[in-house]
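In the two complexes that follow, subunit A is the common piece, with subunit B as its partner first and subunit C second.
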Partner chain A sequence: MSRGDPLIRLEGVGKTFDDGTVAVKDLDLEIEEDAFVCFLGPSGCGKTTTLRLIAGLENPTTGEVFLRGRRITDWPPQRRGVGLVFQNYALFQHMTVRSNLAFGLEVRGTPRREVARRVQDMAARLDLEEVLGVRASRLDLSTMQRVAVGRTLVAEPNVLLLDEPLNNFQAGLREQMRAQLKSWQQQFGRATIYVTHDQEEAMTLGDRIVVMRDGEVEQEGPPEQVYGRPETLFVAGFIGLPPMNLLPARLDGSTGRVSLADASLELEAGTKERPSGDVVVGVRPEHLLPVEGEVDGRPRLRGVIDLVRPMAAKTIVDVRLEGGTTVRALTRGIVRGEPGEPVTLAFDPMAVVLFDRSTGLRID
Partner chain B sequence: MSRAAHGRARGWARLAVAAVVLLLMMLPVIWLVSLSFKPPREWLATPPSLIPRNPTVDNYVVLVAPGIPKGTIGEVVGAAQPVTRAFVNSVIVVPLATLASLGVGFLGAYGISRFRVGGNFLPFSVLATRMFPPIAFAVPLLVYYRSAGLIDTRLGLILMYTAFTLAFSLWLLKGFIDGVPRHIEEAAILDGASRWRVLFTITLPLVRGGLAATGLFVFIMNWTEFLFALIFTSRTALTVPVQISQYASAVGRFYGPQAALGLVASVPVLVAGYVIQRYLVRAFTFGLVK
Partner chain C sequence: MAFLEVRDLRKQYGRKEALRGVTFAVEEGELFCLLGAPGAGKTTIFRVIAGLDRPDDGDILIEGSSVLGVAPQHRDVAMVFEDMALYPHMTAFGNMAHALYLRKLPEGEIRERVGAVADLLRIQHLMDRHPETYSGGERRRVAVARALVRRPRILLLDQALSGLDAKIRQDMTGELKRLQRETGQTMVYATHDFEEGAAMADRCLVMRAGAGLQLADPQTLYASPEAATVGRIIGTPAMNLIRCRAEPRGSGTTRFGHPDFQLELPIAVEEGAVLLGVRPEHLAVAEDRGDLRATVDVVQMRGPEKIVDLRVGEELTLKAVVPPEQQLEMGESVSIGVPPELVFVFEAESERRVHPPV
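Right, the complex of A and B next:
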């Protein structure tokens, strides 16, 4: 082990299952000590497989896995010291909470007194003392989750992996459990990888977000970067509630101007030397502002209101542009408007992101 | 009619239907009880009577003190010995064969369920032993058994019963093991447990109910097996069903002692069923605790 090595490093890791399904393709990833990383993506994007590859429950078809600089690709899961909380918690249903917590320590031959002490300690920290004698099959969901987290943490793993642990919770409780998880992570100070398809969860929990799609990493970075500077069309369309508006346009390489197909509007792209071509203009809904008349020369889109959805603190307005495309604007407060009413949306040209339509990559 | 009265009437109606069904199902057993207390004259009397006219316990006496039942003529063909030997044989052979079948079946089912050992072919081919009429195996096996010196031995029967019930326990247990979420085992592995440890401390306890149910079925199959026991045993290793068949003479069958032994023979099965009962409920509600 040398200093400076990341906790976990994946190098060109790929996984193809026996039936030919490609779950993960050529993945390069580094997880630092003490990081809270969220794998975010639609179902089937390979995020859970990546987790299982790190845990050693799957063997990569290609590539290598490193733990603090040591190659552990061939190590069995037992040796890796990785804790995994499964989506359905996978508690040992026939055992008491105490036995569930003690199992890992006992298997590893920890002296009995030490086991008792650490189980007691963990139970106290996770508020499980009262249910220590209860069989795991008789617990409610949130207690199950605490046991599942406690069971993995009690063995002091190198890294804690969580596979959609809040999926079974109702919306209200989810919020609460999310806060709970965050505080545990801060309390136990363990590197955590958290798999979710819920972007809100990823945004609130993660120090870093890894957006995955079809077995590949689309973008990784801090939440604000993934949100504000999406690197690909996919990320732009996936992140955000509602997601970014994507408008077809054409870039004139010689003048550096962008003309939207749906609106008679030209933008100063401000790009360096670029070949002309089809591009996509991305604008966040909150950057589209319904205005009346001319306002300080900002670019404007004209259209008619399609639908107004007031949601207490904010309102989502669907606007059909002259060209037929619908964009969404997100404004503060409650906005009134009737479908069919003409409306003008102004936006800040600085908040616009450009994508190459053929490659789907952001143009800077 | 008030609501409560209506409900009560429905309850009674249900009870009545249940009683009739139960009676129909129990009829052979009731008849067996009746027959076992009848003297020879009444065994085949027409019209038959459910209640013995001259009840007797002779049929039970014959089981322990060999001889022909009073009031019959002729020599007993077999069964010149008391039932004790057959009972001891059955009590040794059947549980051991059942345990062996469960043991091999559990390990095999685990391999097939978790590692898809043998692909699609192996699990199916195991069923081959049950696709032929059992008698088809008798002749070739007789040849092997003779040269291996296994004829009329308990070991021979145990091996045979294990082999022939294996397909059954394997398939039944595979279903139960499939029902244990894979993640539970993976969680134990991540906790540092070896595959064997997982097998015995996690999977086995979780399919306990399934093992009990399978065990009971296999036990009953073995306990009542007649054909192989008849062919492969004679005096030393004969089992209870064979002994039942031996209560006959050149003139005819001694139905009374046969009925008596049939009833006595059902006692171990009833005991086993009673003991296992509480696991059975668990076995069939297993899916609910996932």
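Right, the complex of A and C next:
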């Protein structure tokens, strides 16, 4: 191992299954020590396959996998020191929590006193001391999750791999468990890879998000960046709830002006030397502000209110623009508008993201 | 005269008091929401309205007359549950048309009604397909559509969207609200998720342990919760509720004492054990000049905002919502400003609000 090598590196990794399905294409990816990385994408995007390739449960068709600079492509899972937590937790139902925690260490022939010490330590850190003597089959879902994570961490893996571990939880508990997972990861400082299709989960948990689609990485970066500066139309539409408003427009390359097809509006794109063409204007719902009268000359969209949905501190307002497209605004506080009422939405031109309509890529 | 009146409904299952005198009224064409945690009594109310259960006491009136003596099938009330089964051997058209064929409506009218509802719920593409090919969201749409084509006097939706992905749920709250507006169908919607209820309903009744706590429009429930539970249910993250001791200090100020902090606020509260309530979005997190010192724990990015867990002393963790651009590191020491005009105080035992006065 040399300094500077990432914990895990995938180099040109591809996976084609026997039936010809291409799950992952030519993937280059680095996972740093201590990172919390979320693989995010719709079902079938290749995120679980990528996780399994890292775990050694699948062999890549092409490319290599490295662990701290060592090539491990052919290593079996147990040699890689990865800790995998399954969606159904796969606990030994008839065994106590203590035995579940100790099992992996005992199998590996860890000395008994060492096993006892580590199990006790893990139980204290995950607040499992009171249930050490309880059979796994009698535990509630959130305790099962703690045991599953504890059982994996007790072996001190190089990396913790989680595949949609919160799918079985109902809404309120899910948020609690999320916060819990995040604080464990910060406490244990262990690199974690977390697979999910839920963008909110990825945003709240990850230090880095790897957005995948059709076996390829669409974008990779910290949540703020993936959210604020999406590199493709797909990422813009996939991340955020309500999702980003995407409006067709035309870019005039000589003047740098963008005209929305759907509203009488022009804005300075600030782009230099661009060919004219069809573009998509992306603007987040929270950047569309209902205003009255003329304020500070910011660009604005005019339309009528279609639907008002209060969400406690915020309100979602659907607005039908003059051209017929509906945009969604997310505003702080209470909006008391009725459907059919005219409304003007102002926005900060700096908050707008432009995409090339044919390639789907962001234009800077 | 209200369209649906629920009067002082009581129901006991064995030793469990499921309903302890619930009263509310729903107007014709209204979308009314019952909001409460599992076990609050929402489903029991639905079962009584639909005629699947008899109340021990109280009455149900639809259009002014009691329906307690009316058999379920003659009440003209339709109900959709979370885990609603569709007829697996029938297409969406078959599922929707079934009840209308039983009523021997003319073929033309059946086709017209089914078509119109399918348009509204955007399920035309499912008309010839069987339920096993539907996604979770499509399944719910067909279940709602099947109830809606009957044009019942009252449509009861019991957790009709729970278990669906957040994105689909948000789309469907919009669809249901539009649908309700366009059809004028009277609906009662039961959920434990405030965002779902608030997004759709004209008014909500917040329930706990078989009793109604507060009945108001969603904005009022947020801005002026009359009980601690209302604060807990409404808003994400939920309101911070801090158990502490109120000690009046004279001239309209009160000291709030907690093992982890002392806080003096310019509000008048009587001496006693209280729950100090303040919403995460109302706490001001800054480097200094606040009311409380705290250490940053977990920071979660939410897109338009960040949610921060703040440790105050040994026991207490508060949640705060801050703008996405505010940089906070785990372990960092910060101060929290508590705006007195946005603080709620609930009496600890009854959990009723004592400040501002109700």
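The rule we apply is simple: the second predicted complex is superposed on the first by the 363 of 364 C-alpha atoms of A that agree within 3 Å, B and C clash if a C-alpha of one lies under 4 Å from a C-alpha of the other, contacts with A are read in each partner's own complex, and residues count from 1 in each chain.
Convention: a contact is a pair of C-beta atoms (placed from the backbone, for glycine too) under 8 Å apart; a residue touches a chain by one contact, two chains touch by 3 or more.
Worth saying up front: this structure is predicted, and the values here are computed from it rather than measured.
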* Judging by the criteria at the top, classify the pair subunit B and subunit C on subunit A as clash or fit. => fit
* To do: Identify the partner contact of A:I239: answer first if only subunit B is touched, second if only subunit C is, both if each is, neither if none is.
  => second
* To do: Pick one for A:L307: touches subunit B only (first), subunit C only (second), both, or neither.
  => second
* Asked: Once both structures are overlaid, what angle do subunit B and subunit C make about subunit A, taking C-alpha centres and a multiple of 10 degrees?
  -> 80
* To do: Give one of first, second, both or neither to describe whether A:R178 is in contact with subunit B, with subunit C, with both, or with none.
  => second
* **subunit B versus subunit C as contact partner of A:M350, first or second or both or neither** => neither
* Asked: Who does A:D318 touch here: subunit B (first), subunit C (second), both, or neither?
  -> second
* Counting only touches as set out at the top, which of subunit B and subunit C does A:I334 meet: first, second, both, neither? -> second
* In the overlay, answer first, second, both or neither for which of subunit B and subunit C A:S137 touches. => first
* Asked: Of the two partner chains, subunit B (first) and subunit C (second), which one does A:A55 touch, if any: first, second, both, or neither?
  -> first
* Asked: Is subunit A touched at more residues by subunit B or by subunit C?
  -> C
* Report the closest approach of subunit B and subunit C over their C-alpha atoms in the superposed model, as a whole number of Å. => 16
* Asked: What does subunit C use to touch subunit A in their complex?
  -> 162, 165-167, 170, 173-174, 177-178, 181, 192-195, 198-200, 218-219, 222-223, 234-237, 279, 281, 297-298, 300-304, 307, 309, 321, 324, 330
* Spell out the residues on subunit B that touch subunit A in their complex, using ranges where they run on. => 181, 183-184, 186-194, 197, 202, 205-206, 208, 289-290
* **Touching residues (chain side subunit A, partner subunit B) in the complex** => 55, 57, 76-78, 80, 82-84, 86-88, 90-94, 103-104, 107-108, 137, 151-152, 155
* Residues of subunit A touching subunit C in the complex -> 170-172, 175, 178-179, 182-183, 186, 197-200, 203-205, 223-224, 227-228, 239-243, 284-286, 306-307, 309-313, 316, 318, 330, 334, 336, 339
